[in-house]
Structure formats: structure tokens, C-alpha cells
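Here come two complexes built around subunit A, the first alongside subunit B, the second alongside subunit C.
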Partner chain A sequence: MRPGILLAVAVVALVLLPFGADRGMLFLASEILVVVALSQAWNLLAGYGGLLSPGHHGFVGIGGYALYVLTRDLPVHPYMAIPLAGIVTAVLGFLLAPILFRLREVYFAVGMWVAAEIFRIVVMRWDYTGGAAGLPLAAARSLNREWMGASAYWLALAVALGATALVWALMRSNFGLRLRALKDDELAARSIGVAPHRVRLAVFVLSVALTGMAGAVSFLSALFITPVAAFDINWMVTIVFVTIIGGIGRISGPFLGAALYFVLRETLAFSSSWYLVALGATAVLVMLVMPGGLAGALDRLLSRKSTMETQP
Partner chain B sequence: MLEIRGLDAFYGDFQALFGVDLSLQPGQTLALIGANGAGKSSFLHAICGMTQARGSVRLGDTDLAALPAVGRAAAGVALSPEGRRMFLSLSVRENLLMGANVRRRGPWTLDRVTGLFPILGEFADRPAGLLSGGQQQMVAIGRALMANPALLLLDEVSLGLAPVVAQEVHAALAMLRDQSEMITIMVEQDVNRAIAAGDRFLCLLEGRAALTGPCAGADLDAIGRAYFGEDDT
Partner chain C sequence: MIWFETLFSGLTLGGLYALFGLGLSLIFGVMKIANIAHGELVIAGAFLAFAVVDLLPVPLWLLLPLVTMGMFAVGYALQSALVNRVLGDDPLPPLLLTFGISIVAQNLLVEIFGADNRALDPGWLATARIGPVWFPVGLLPLGTLILTVVLFGVLHLGIGHTRWGRIVRATSDDPALVGLFGVKRRRVFAVVMGVSAALAALAGVLLAMRSSVTPFSGVERLLIAFEVIVIGGLGSIWASLLGGLALGLVHVISFRLDPASGLLYGHILLLVILLIRPEGLAGRKVTR
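Right after this comes the complex of A and B.
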């Protein structure tokens, strides 16, 4: 039971963090958790589902905008609007899936990217969403200033842990088995009655819903949203870097990848060009030396250690 | 019973099967033979809905032709595909359990499959990718059986297996044959072994039925001619 206790202690420590951290540290921690949540959502779709989407930043933006528009037009508290933002992105994903799923492999990837571009252009041109100038958080008054940093952090923590728990539970369910079977061998899966579209639709909708919620949380404390920030391609770059470096298709991947990503970013913050060089070099190096990412390397290390311990 | 009338199969514009007929009673095994590219796999794929097809396919009271692949699996069609097609990230047990995905009632359980292939019980927790070719073939057959099929399609039962392993697989299949109402269609490269394992045989040649008949007392010379497409002169 030792790993279980360790996990519980870690979760409690994370929950209590706002009582011991200053404002800057809390903000950074929230940012890390949002990236973990986004990467876990992308990992579910790409790592377990085999659908590589380079258009998830579109759903980050939709989630963020859903929060701002919902709290402007409806009497909902911003915190309650976070799950609603997830529902909005889920519905959008559900409606788009029949079109996107007509495309396979690399064509699907192009389709996802195009979808994200269309979201950005529509939001930028539409008065309802504030156009290129963006929107302020109309419901900012209802937020307690003193606790806002902590609340944003707890929401980010909830989404990150929720996404991880969901992936964990799914991969132990019948659904997870079907998903993995489909990714391993589609013909064999279909021959035993796995409906590829139904399984992929479910995992796609879940993934974009989590992405939308994480996007909403991310823009909550900014108090302002613009199309340029919401639909920034850098979301996608970060998500892919974190997931692949951390270990795609592994539940611990997003955590390890996010840790490395933020260490690099914070230590190289003095120079934006060196930061990008270091990021690229790390990506190449990890892919060459550790094909399973950090999580894969860690697994190998632990299993080697445990076999050494069990030997007389 | 299985009743197939005028079955055509297509890959895009390419036609792989031309009006094949077949009728099998419950419990019967068909040995499907023919050279490479004759349309054996296409025939199986057309029955289970994996490729575009035209024609009538009825299993009992069910019109299979009207159903998508998933519906046919639920109606009792199970395929053990060519190349075995393991789910490589899953264990042997998980591979077998995936077969029960359609939740049909019947005699086949994990215990019965591991009773038929004891080695699979021993290796239940191993990743399926680490098994030998013969063991993977057993997983593929076991996975199809877990669906409790009314119609079992076995593609390339012994392709790439050592003779002694192929014999082992066929011995297990012979046990199945004697004790069930299941209809089986088996594709087997070795014509002699195929004829020995079946009740009826169907020889395909360039997508057409070249010769069919009962396996008992089959004329191997006639089959040879049908197989290679030589005229009966």
C-alpha cells in the first residue's frame, strides 16, 4: 500500500499548497496544472486512442471563450461556468466529429488544424464574442479578490487530477480495452464487434471537453481574453512537447513532461531564443535516447531495480 | 444454416469475387482452398462485412448482408484473421476477453479456451506480442471462440507455423468440430490437411468457385486442376 499512501500525501500537499505559497508561485503552479490537464486530455486521444490532433488549441480557445460568454450572458458564477465550458466544447466536438472522422491519419490531423483555425477566425470576426479586441470577464465582480489565486489553483488542480483519474479509470474499464484493441489492430477489433466510430467519438468528445475545461480555468484568472491568446498555437506546441517527452500513452507522462518543460522554461527565461533551442534539442535527444519518453525510462529503471532486489 | 447466394466482393473498383454460392448446415466445416490471390480472404471478409460486397448472406434467420461488421459480429460471426492480428499492448487474457466483447451467450469462456489451449492459461498475463507464432494463432482462434460464434471464420490457420505446431492447432480444431453446432469456414494452405479437416470443400480460382463437393472421397486430381486452373481436357 506504500504507493497509495504516497499518492494520498502528494494530493493533500497539493491541495494545501495555497496556504504556504506566495502569489507568484501559486500562479506558476496553476499554469503547470493546466498544462498537465491539457496534456492528459491530448494523451487520452493520441496516446490511447491513436488520433493525433494538432488542433486542440482550438478547443482551449473555445473553452476560454465559453467561460467569458456564459458568465456575461447568464447568471452563472464563473466557477460553475468551468464545467459548462466543458459541456460547450463537448457538444462542439460531437457535432464536428462526423466531418472530422471522415478523414484518416494525417488527413484527420490537417482537418483538426483547419477546425482550430476556423474557430479562431469566427471568434475574431464575430461581435458576439468581442471580435479581435477580446472580452473582459464581466463576472469579475463576483470573485473574491483575496482568494482568487487560490481558487484558480484549486480549479486547475481539480481538472488536472480529474483528467488523470478519468484516464486511469477508463484504461481499467471495458471501454479502455476496446480503445487499446482498436489502436493495436483495427481489423481484428472490428472482427470481434468493436465499433470504431463509436469508441473514437466517445474518446474524442471526452478529450475536447477536458481541454475546454482546462482552457476555461487558464483564462479565469487573466480576467481578459483575446483570440490571439486563446487560440495561440503555442498551446499545441506545449501539449505535444510535454506529452511526447513525458511518455505518450502513459498516465505519468504528462506530469513528468510538464516538470521538465517548466524547469527548462524557468531556468532559461532570460533568453527566449536559447529557450526554444533547448526545447528543440531536448525533444530530439529524448526521442533518440528514450523512445518511451521519461515515463518509459523511469519504468525501465524501476523494473531493473526491482529485479535486482528480488535476486538472492 | 449458412446460405450464400451470388456473393461479389470489391476493393474499390477492383472486383475480387464473382457470384460465389455456398450452403452449409450447422456443425459443418468448410475447407476453403485456392491459390494466392484466388479470393479466400476476400470471401471471409465479405461474409463478416470487412469489405464492400454484394449478394445474399444469410445465417439462420439473420440477413447478414444488411448489417455492418459490428452487427455481424453481434449476430454470431467471428473471424480469426490472417496474420493473427494480436492486440500487442494487451495481455493474452485481455486479448481473449476482447473476444467476448459482443456478449453472446454460449459455452465458451476463458476457462474453456484455456482448456482447449492449455499454454494460453500458463501465459495469460504475458503481453500477446511476446508469444510464438503458434501460440499467437491459438490466441487468435481462442479470441474468436470467446464470441460464442454461430459461424467461425478461420483465415490461414497454419501459415508460417512449424509443422508440429500446425498439427497441434489442427488437433484442437478437430476437437471443436466433433462437439458443436458451430459452422466453420477454414482457409488452409495445405490442401491435404484442409480436406482432412473439412466436411465440404470449396476451391476458388480467380474469384470464382472452381470446384466444390464433399471432402470424403474428394478427387485430389480434380482439385489440383481446379486449384491451378487447368482445363479438364
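Right after this comes the complex of A and C.
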């Protein structure tokens, strides 16, 4: 069967999942899709753009809070607020970029992390965002309770597949070519007319916008948001794990990594610390024996026959 | 008067911060890698000290060298067993590898010691004061600051003025070339990681004497260590001392003026410095 048909069947099956799954399974599936979307967004910046951000949890939190604040103060339906949350994080990323983009490598990474910490502290101290106590979802009344789980799932699916399609399309475009040229050899790329700042700014803003939308989706069904949960550094830990284990810089990486991540988490659920030890050890092992991650290993197994599995 | 006290506690806290940064800056300077597990090395030092005092009642002057040597061995082993295998032109693999190590270390500490707050009782040192009657200062914070400055001096001399230091610098500049002179680059890196872990552990013990720690305390120390070396500037050992003192002062002063701010003003300091002086307070210009 052609990979295109296989992919279409998989997407249809994913869309129809809420009709065959119970609430617990649907909730888990939404969680997995949010992690896929977040990892895809981070992978776009780190794997393709070469910019390592340890501060994406800040944008998860801002996305979540954008949903809660927008639906409280404006007559916006929560579902409509999710793309708006992406716009809010994109604008914030755009405003931060002039500071962060003066920096490279370690400086950029530390700047990102510090920015995320500042977001958390400001949200925690600001009455407008509910302070340390957090906010309830004021617009919860306008949501249909019966379809709540299913619609949260569909939104997560839309963001995850949207992020994947975006990365796929970008990497086949002229823009993707410029991005990878920059990552491989900045000097050579500049000499043939690639503008480093503009390319990096674009990929950064896209990445944080996707992160913000995924954050908003993730907090939609919780009906409550707190700074501790929204700006939890464990978002970052999960994203990095999934991307490393799946294969950094590969489009199928986030899917494979998320699959292994959740399998490990669910089977070792009896002890949160042993499961993290197992995850950490897996990440170490992957870096030592197969730096391309699961996607890289799969590539070698299938040779280069099925092009959907390889990076475009 | 109260401002003298603030200044003093800012500088002594800054000394501890500088010590968090010292080992990280050493690794970065020599191997050009960011060690994400550095915060866990700090905390592991503190927990190793807890374990030692739990088992046998050793005095402080013996505890510090014991923990330091123990963590030197841990650092040496980590580098030769794991980190050396992923060193290369790409900075990403070592970073992601040390990230994995940090998660393993943190959760192993939870499994072994539990997730509770723990602190180290410094005994009579906790209340000992020294100095003129009109301005007595705590012996423990003062001792921390002095020890920090001494360690910076020792490392400066060690790197800059000894045969070992020459080998380290040469290995850092051109790992392939020093091989021709019979230098085993992997062993040099292992020793450097050992020294870095020992410095981190020492900082961890000093930290545990002034506040309680949990296995999860490493992340915040890692962030502080990074802030210290970025504020000070990469590429020089003394810059980290400057960065540490600046950050410590800002934290203590902002805590006095705005107690609920946490580390906010330290973070803002970092962004401001990156804006007006991206190479740090005392760093050299870096091209990339």
C-alpha cells in the first residue's frame, strides 16, 4: 500500500477515535497529542533551526493563561480562543526576539530559560491573572459537557497534525532549505544571501505560537489553571525526552518518542521516580548508541523506501 | 547599618552563587559543553554529606574533603564512561546526554533519600560571629566567601600557571594536536569533570549548611549557575566570581525591598546585561 493511503487511513482512524473510546482513553489520547504538538514545535526550533530552547514551558503557560484571560474578558468562545492564544504567544515571542536574538547558543538558551521564569513570576504576582491561586475557566458554561472530552481531543488532534503538516511543508519549501543551510554552515549560508535573523525569527515565532496553542488546548479541559501547573518545568523535561528519544530533527520523531514516553509512563506508573529514572537512562542510551533516536533507527531498518518516515 | 548587613549577606550569598558557577564555567571553558547535570552534582554533594554524617559522626573539617573526593570520583567516572563518548563538533549530544543524566540522578536521589527537605547542622558554626562589636558578622557566611575566593585563586593558578593547566588549555584549544604529544585527551577531560563535580559538591555542602535542600533543588541551582557565568561573561574564571557577587547582591537587596519577588530581579538583571553588554560584565567578545 502506498504511504499516502496509509497516512489517510491513520488520520481518519484518529478523527473517529472519540466514537469508540471511553473517557479515560480519550483523555490520555489528548494528552499524547498535546505532547506530540509541543515536541513538534520544539523540534522545529531545535532540530531544524539549531536553536536550543529550555524555556518553552514559559510559552505553554502563556498559551494556557491566554485562553483563560481572553475568554473571561472578551466574548470569545473557548475554541476560538485557542488560535488567539497562539497569536498572543507569537506576539510575545516577536517582542522578546530582539533581546534573545542578540545571543547565540548558551546565551540564547539561558535567556530563554530566564524569560520563562519571568513569565511565571509575573503571572504569579499579578492580580489580573489571578495570582498564585490561579483562575477558573469563566467560559466553562458555554461548553457542551457531553462533548467536552471529544472536542478537547479533536482540538489536540488538530494542533498536533497541524504542527506536523506545517513542519513538513516548511521543510520542503525554500524557507526550510535556508533554515537547514543556516544550521549546517552559517557563514556559507550568509554568503549566498540567506538572512540569518529573519529566518530564525520566523521559525522562533512559529515554534512559540504552536507551543502556545498546544498549551491552551492542554488546559481547556482542566477548567482551572494555576501558575505552578502552567509553568511547570516538567513540560520542558517531557518535550526534550520525547524529541531526543524519537529522533531530533526528524518529523516522525515526536510521534515515536511520544509513543515510547507514554508506554514507559503507563507501565511504570507505580513509581513516578523509577519511571523518570528509566526515561533518563533511555535518553542517555539513545545519545550513546543511536543519536538519530527511534526515527533514525527505523530509517536504517526500512532503508529509504518509505519517504514518509524520513525527513523531507 | 542595615545596609551594611544587606551588603554583607549579598556578597556572601554571591560567593556561594559564584561557586555554583565555577565548575560549570570550567567545563564550558575547557570542553565547550553545557553540563545540564551540574545542578544535580551540587545537590548530590549535599546528599553525600547527609549520608556520611548519618553513618558516622565525622567533624566538618573531615566531611568537606571526604565529600569533595567522593564527588571527584563521580565526575571522573561520568566523564570517562558517558560524556567522552559523545564529544564532537555538535554541542547538542553532550547537552542532551547530561540532561538525561540529570533526570536519572535527581530521581535516584529521591528513591534513596526520599523527597523531604534536609539540611546539614553546622553545629557551633551556625551562631559563631566574628568582627568588631559594632558590626559582628556570621563566621559561616564569611568563611564561605573566603573559601570561594581561595578556590577561584587556586583554580586560576592551577589552569594558568602549572604544567597540568598548560595541558588542559592545550587540550581545549586543539584536542587532536595534543594527542601527538602523548596527551590522553579523554583523561584530561575526565579530570576536569572531576574537579568541576568536586567544586559543585563543595558548593552543595555549603548550601545545605545555610538552607534546606531536596532532590529537586538542582534545577534552580543550575539556573543560578548559568546566570552567574552569563552575567560575569564566558571565557574567564574571575568573571564568574564577579557574576556571582552581582547576582547575590541583587537577590538580597530585592528581597529586602520586595520580599515576594523571589529571583525576579536577578532574572531581569540578566536580561538587562545581555541587552547592554552581551559578552557579560567581564567577558571577552565572542564571535559566535
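In the analysis below, the second predicted complex is superposed on the first by the 302 of 312 C-alpha atoms of A that agree within 3 Å, B and C clash if a C-alpha of one lies under 4 Å from a C-alpha of the other, contacts with A are read in each partner's own complex, and residues count from 1 in each chain.
Here, contacts are C-beta pairs under 8 Å (C-beta built on N, C-alpha and C of every residue); 3 or more make two chains touch, one makes a residue touch a chain.
These numbers come from a predicted model, not from an experiment.
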Now for A:299: first (subunit B), second (subunit C), both, or neither, which partner does it touch? neither
Applying the document's definition of touch, where does A:232 land relative to subunit B and subunit C: first, second, both, or neither? neither
The answer to whether subunit B or subunit C touches more of subunit A is C
Contacts of A:288 with subunit B and subunit C, given as first, second, both or neither: second
Could you list, by residue number, the parts of subunit B that touch subunit A in their complex? 48, 50, 69-70, 73-74, 78-79, 81, 85-90, 94, 97-99, 101-102, 140, 143-144, 146-147
Which of the residues in subunit A end up touching subunit C in this complex? 46, 52, 99, 102-107, 109-111, 113-115, 117-118, 121-122, 125, 233, 237, 240-241, 244, 248, 273-274, 276-277, 279-284, 287-288, 291
List the residues on subunit C that touch subunit A in their complex, please. 28, 34, 82, 85-86, 91-93, 95-97, 99-108, 110-111, 219, 223, 226-227, 230, 234, 260-264, 267-268, 270-271, 274-275, 278, 288
Looking at the complex, which residues from subunit A come into contact with subunit B? 174, 177-178, 180-181, 183-185, 187-195
